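So, here's a batch of structures to check.
After this come two complexes, each holding chain A, first together with chain B and then together with chain C.
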Partner chain A sequence: MRTGAGAGASEPVVKDDAAFAVRPRQRRRRPGKRAGQYVGVPFVLPSLVILMVVVIIPIVMSLYFSMTQYSVLGSPTWVGTDNYTKLLNDDAFAAALGNTVVYTLISVPLQTVIALLLADVLARRFRNRFGAIVRSTLFIPVMSSLVVVGVVWRTILGTNDGAVNVFLEAFGLERVNFLGDPTLAIWVVGLVTVWKNIGYFLVIYYAGMMDVPAELYEASGLDGAGRFGQLWHVTIPSLRPVTLLVVILGTIWSFQVFDLVYVMTGGGPGGATTTIVMMIFRAGFQNFQMGYASAMAAVLFALILIIAVVQRKVLKSNED
Partner chain B sequence: MNMKYRTIAAVTCVGALTALAACTTDGAAADKALEVWMPTTFAAATADEEAATWRSILAPFEEEHGVEVNVTLVPWASYEEKYLTGVSSGQGPDVGYMYTEMMGDYVSNGALAPFDDHLSEETTSKMLYLDQGKVDGSQYAMPFVVGGIRLLWGNMDLLASAGIDEVPTTWDEFLDDARTLHEAGITPLYQEWGAPNRGMLNATYFPLLWQAGGEILNEEGTATAFNSDAGLAAAEFLKTLLDEDLMPADVSGLTPEEVQSAFYEGETAFFFGSDGTWADLEQTEMNVEFVPGLVGKQAGTFVASDALVMFESCADKQLCADLVAFLLGGDQMAEFHQQIVAYPPVATDEQSEPTKFTETYAESAESLHSLPIAAGGAGVYNALYENLQQMVLGQKSPQQALADAAEAGDAALAQAR
Partner chain C sequence: MKTDIVEVTTRSSVVVDKAALRRESRRPQGRGWPRLADSIAATVLIVFCLMALLPFAFMVVTSLQRTNVITIFLDPAKLELSNYVRLFTENGFGAALVTSIGVVVLACVVNAIVCSFAAYAFAKRPFPGSEALFWLYVATMMVPAQVTLIPLFTIMRDLGLLNTWVSLFLPVINAFGVFLIRQFMSSIPDEMLEAARIDGASEMQLFFRIVLPSMKPVIVALTIFTFLTTWNDFLWPLVSITNDRMQTVTLAVAKLQGRLLTDYGIIMAGATVSFLVPLIVYFVLQKQFVEGVTSSSVKG
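Presenting the complex of A and B:
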């Protein structure tokens, strides 16, 4: 204990000393060993177990299978990186990857922009019963099964009997081969996806717009900003986190597209709409090449991860 | 023995007996139940009607063998996935219904058991299509639904309006008639090149291949055989139809439903469909005639040869084989054909009324082909369909389409071995 000089500061010194005397004991108790620290474990354990069983273990098993030749009916045989080497030289996989990217580039920007514009109109013009009806109506496709959506649109866009072509012919126009033209087919599938997803992203944007302070619009209005100016300078900057979510979710979904393509075109015509997941399905369930299918799934997983991280970085840096 | 020990002994005995009883009961139940998987609704019947028919058909077998037979109806849409996941997880059937494209991989992976040692001479001697179910000389499949023969249907009123009085029977006659129809402003032929699945080849390409004297695979099922002169002749025949506008360019977007509908509505003079189409055509009161495919170098057309198979997982192979023999019995098949699907008999002991197609099946027996049973077959058909679609779209020549399909198909077959 210090005494003598600096008597005027004696009180703090005493406190310091007291604290000093206690510290060693506190240091000996490591934070991880505090009493009651495991109280929460039973509460999170069920979730952890479920997460392990339905997410972590399947991913690890899939990565293992990607290193094997595996027909599902027999035992897997270790082949190392052979499946990945084969993938690198597989023109069909490259084509499917290209189709998936094109499909994503069609669907994601469109559904993001349209959802944003619609949400803006509904949030600022129609916060009434009409707006609610429109939101609910646009949400119906979201709730519908992708298979049903595919069948319905296939019927509407049918080459010979489709409602659109019947309509066109009634006006003396040439019918359009929506699903039989390789260039058009990928656009059609992409646009149907936009139609299906728009209600979901609209609701997300609409919820985000509810949090934008009205004062910002009032202030920008006083500064002379019109509707488009307010959208550009107030709404879009305020909703960057929402846009981040919409773009990343949309991209992940687009890279995973299967049902809609399977029902509408079966990957055709001539492979023009064959996506990565469709290739995975064919390899695994039709060709009994589950090892190769797992390798494609692993590459898809890595691609989605990279794209999501890059998108997040880019959009976050814009925000900063 | 004091009270405490007597109590422990009594509880132990009761526990052991209960466990033994439980084991016995479970074991007996497992031995006395067979799982059968069938596709749902072959034809017009509803799934409920179909399930009731199966219960009725199987009741005598259950009674005779003291066994419970559970029939699971699997939707066509997820048929292959359901089988693969079920069988690989040990939750598959003991006896199941499969089409030939499916069987090869199950045989090569040892999932199916051959019937050879389990069927009597009495059963096999009456079967009409046993050869269709043989793989490497072993009887892995018992043909159960042989039907759906692909025919060339002609709208006789449209043909008559162009001065044609009968359905053509050869390639040359068909081309001549198609040109005549085209000149008369009538669309000669629609085909479903926009079908979402490869099954359309059974009507559009494979019959032409067989008619040209070709085969899909070699005899061993180890390599593709369609990239041949015969395969090329078949592909070029299709290309001619497109190049001369005898088939509209937008067939690349047509589904089987659209093609049939177009034929019913008189938009096209011909279409290649199955005998199953007759049920609908009969309702239209159209004036139609058919021939069992065309004759090129020879006659040939497709017929489905779906079969009952027995899985290795079946604990009592003899019982499973007995069940298959029972199902293929004349009385059972008669009820099946009457209640569920009106296909021709697969054995000589079935008493059935002649149908519109009985004579056709009998006369064409030698030229009816089903798809070969080969591991990796699905990969071949997928590759062929995609490449022929590209030919129809004008992206590839017939030679290039066949060469690319053969390369991909051979790789699929090699991978499966």
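Presenting the complex of A and C:
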């Protein structure tokens, strides 16, 4: 480290065999001082250019658009915070926000608890072929697109000739208007989400459980804890970081829901399943209020950041 | 001497006690209980598996029947492929398949190359400011796609790229791949790269002959993840594709439902085609598939 600039400057010139033994050490010591210090730059450039075009510039533009009035044609006109004040008084946006929260409160706790319980059963009882088959079967809905999931469930739950209603009628029961009833529809969409996500979170939980030391279970077994006692006192506390991940991911996904709602209900009935992203899509691409839609997008972004930070804080404080 | 014996005996008695207790804890409710509990647990798991599979079974059965009334039962007499024929002859599913496959291949290849390039620089050839740049990359991972949707649309429109493969695959590229690969790249010993450099390998040769081959597992994982997100993407194609010849399979399925609300057979046929491609890949590459998709959870 004391060799200083002299060694660094002479370095590129050294080409004789005798110097090879010394060179690597010098390189690591003063990485910033060698001639090739910018060797890495061309490697970064392609990704940087693409990220600029698809994320960095758009995020700046989005903030700018949110302060303008902008239809697809013509150029944006500066209106300052008008869009945001309009949002504050927009009942439809408040309703969409409420729907998104209700949808999240339905799907996230359920998918988290079910995935945890199933993973526990699989990790403690079925670390065998059967368990592996169950895990890969439950993963199948995860790979399917939300559009396919939505289209299939819509057909199954349709009011007039949906499979479930055909079935109900065959047993002499009354038809249920699953997607046409405002209070039911949001539950249906939420439960379909749970159905799709369980396999994903199950796999994450299962991987976490593989890392819980067996001694912890043995020790709690000695203390007389049963299966549920061990789940409560060993598994859940050991998997707190995994739960943090599962809850944050689930919530962020819920706040971004679009495909499923678009295909299953179109936001209806009567706006009962219109979520934030659904509103952004409608405002931007159907009503051509790109500025107003950008303001909603900014609010969505802020909400997602707040959720991530708050959940991290809450789950961290639980640890103490 | 004496104390030694005492210690040994106490120790061994404790061991016996532990083993007995352990046996006890395994069957808290007496004999026969574990087996019963296991079969109850197995039954519950099987019910969950059936619930996961039934909608897909229903989808396939419906797609194979010419009917406007849905049945859950397979009627061999009504079995036919007419829905699939109509899908490809009347509804442009052939073109959609070509577009989807082309876009997916482009996205996977470009993403793998571009991300491992950048990861190499960040992990092995840092330059002044690369640390800060890397954090900028990580920060871009926090931005939800819905937030950049509108500016992205106007950028692609101004570049004249709407309704092209470029507009479909470019937004798929993100910093997550860089982040993922960089972690693995750190495990390549510097000495190995140094030795190759001394042997006269250029930076490019080094990258393609030494670095890239040792990144195979993580690149496979990233590729599977890229494949799935690109294949299943919906919102971006929905807003950016106006030309029916350029629609992706997922978009085509949604459009089928929009146009032919009660023609369940053909809608389910479209859904089946859209679902079949990831399913086949899943069966072929199951282990890497799960790893690829779960590693994306770091993305947040």
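Points worth noting:
The rule we apply is simple: the second predicted complex is superposed on the first by the 267 of 320 C-alpha atoms of A that agree within 3 Å, B and C clash if a C-alpha of one lies under 4 Å from a C-alpha of the other, contacts with A are read in each partner's own complex, and residues count from 1 in each chain.
Assume a residue touches a chain if its C-beta (ideal position, glycine included) is under 8 Å from a C-beta of that chain, and two chains touch if they have at least 3 such contacts.
A quick note: this is a predicted structure, and the numbers were derived from the prediction, not measured.
Superposition of the two complexes onto chain A shows a clash between chain B and chain C. Contact with chain C, but none with chain B, is seen for A:L146 once the two complexes are overlaid on the shared chain.
Applying the stated contact rule after C-alpha superposition, one finds that A:F285 touches each of chain B and chain C.
Once chain A of one complex is fitted onto chain A of the other, the partner contacts of A:L48 are limited to chain C, with no touch recorded for chain B. In the superposed pair of complexes, A:R154 makes contact with chain B and with chain C alike. For chain A, the partner touching the most residues, choosing from chain B and chain C, is C. When the shared chain is aligned, no partner comes close enough to touch A:D82: not chain B, not chain C. In the superposed model, A:G271 lies in contact with chain B only, and not with chain C.
Of the two partner chains, chain B and chain C are each touched by A:V263. After superposition on chain A, the stretch of chain B whose C-alpha atoms clash with chain C is 42-50, while the remaining options among 42-50, 114-122 or 132-140 stay clear.
Contacts of chain A with chain B, set against its contacts with chain C after fitting on chain A, overlap at residues 72, 154, 158, 161, 262-263, 285. Chain C contributes residues 18, 21-22, 25-26, 28, 37-38, 41-42, 44-46, 48-49, 51-53, 55-56, 58-59, 62, 68-72, 113-115, 117-118, 120-122, 124-128, 130, 133, 136-137, 140, 142-155, 170-171, 173-175, 178, 190-191, 194, 198, 203, 207, 228, 231-232, 234-235, 238-239, 250, 253-254, 257, 262, 264, 267-268, 270-271, 274-275, 278-279, 282, 286, 289-290, 293-294, 297, 300 to its touches with chain A in the complex.
Listed in rising order, the residues of chain A touching chain C in the complex are 20, 23-24, 27-28, 31-32, 37-41, 43-44, 46-48, 50-51, 53-59, 61-62, 65, 72, 118, 121-122, 125-126, 130, 133-134, 136-149, 151-156, 158, 161-163, 166-167, 195, 198-200, 203-204, 207, 218, 221-222, 224-227, 245, 248-249, 252, 256, 258-259, 262-263, 277, 280-281, 284-285, 290, 293-294, 297-298, 300-301, 304-305, 308. Touching chain B in their complex are the following residues of chain A: 71-74, 92, 154, 158-161, 175, 177-182, 262-271, 274, 282, 285-289, 292.
For chain B in complex with chain A, the residues that touch the partner chain are 80-81, 84, 87-88, 105-106, 109-111, 190, 193-197, 249-255, 257-259, 261-262, 267, 375-376, 378-379, 382, 385-387, 389-390, 392-393, 395, 408, 412, 415-416.
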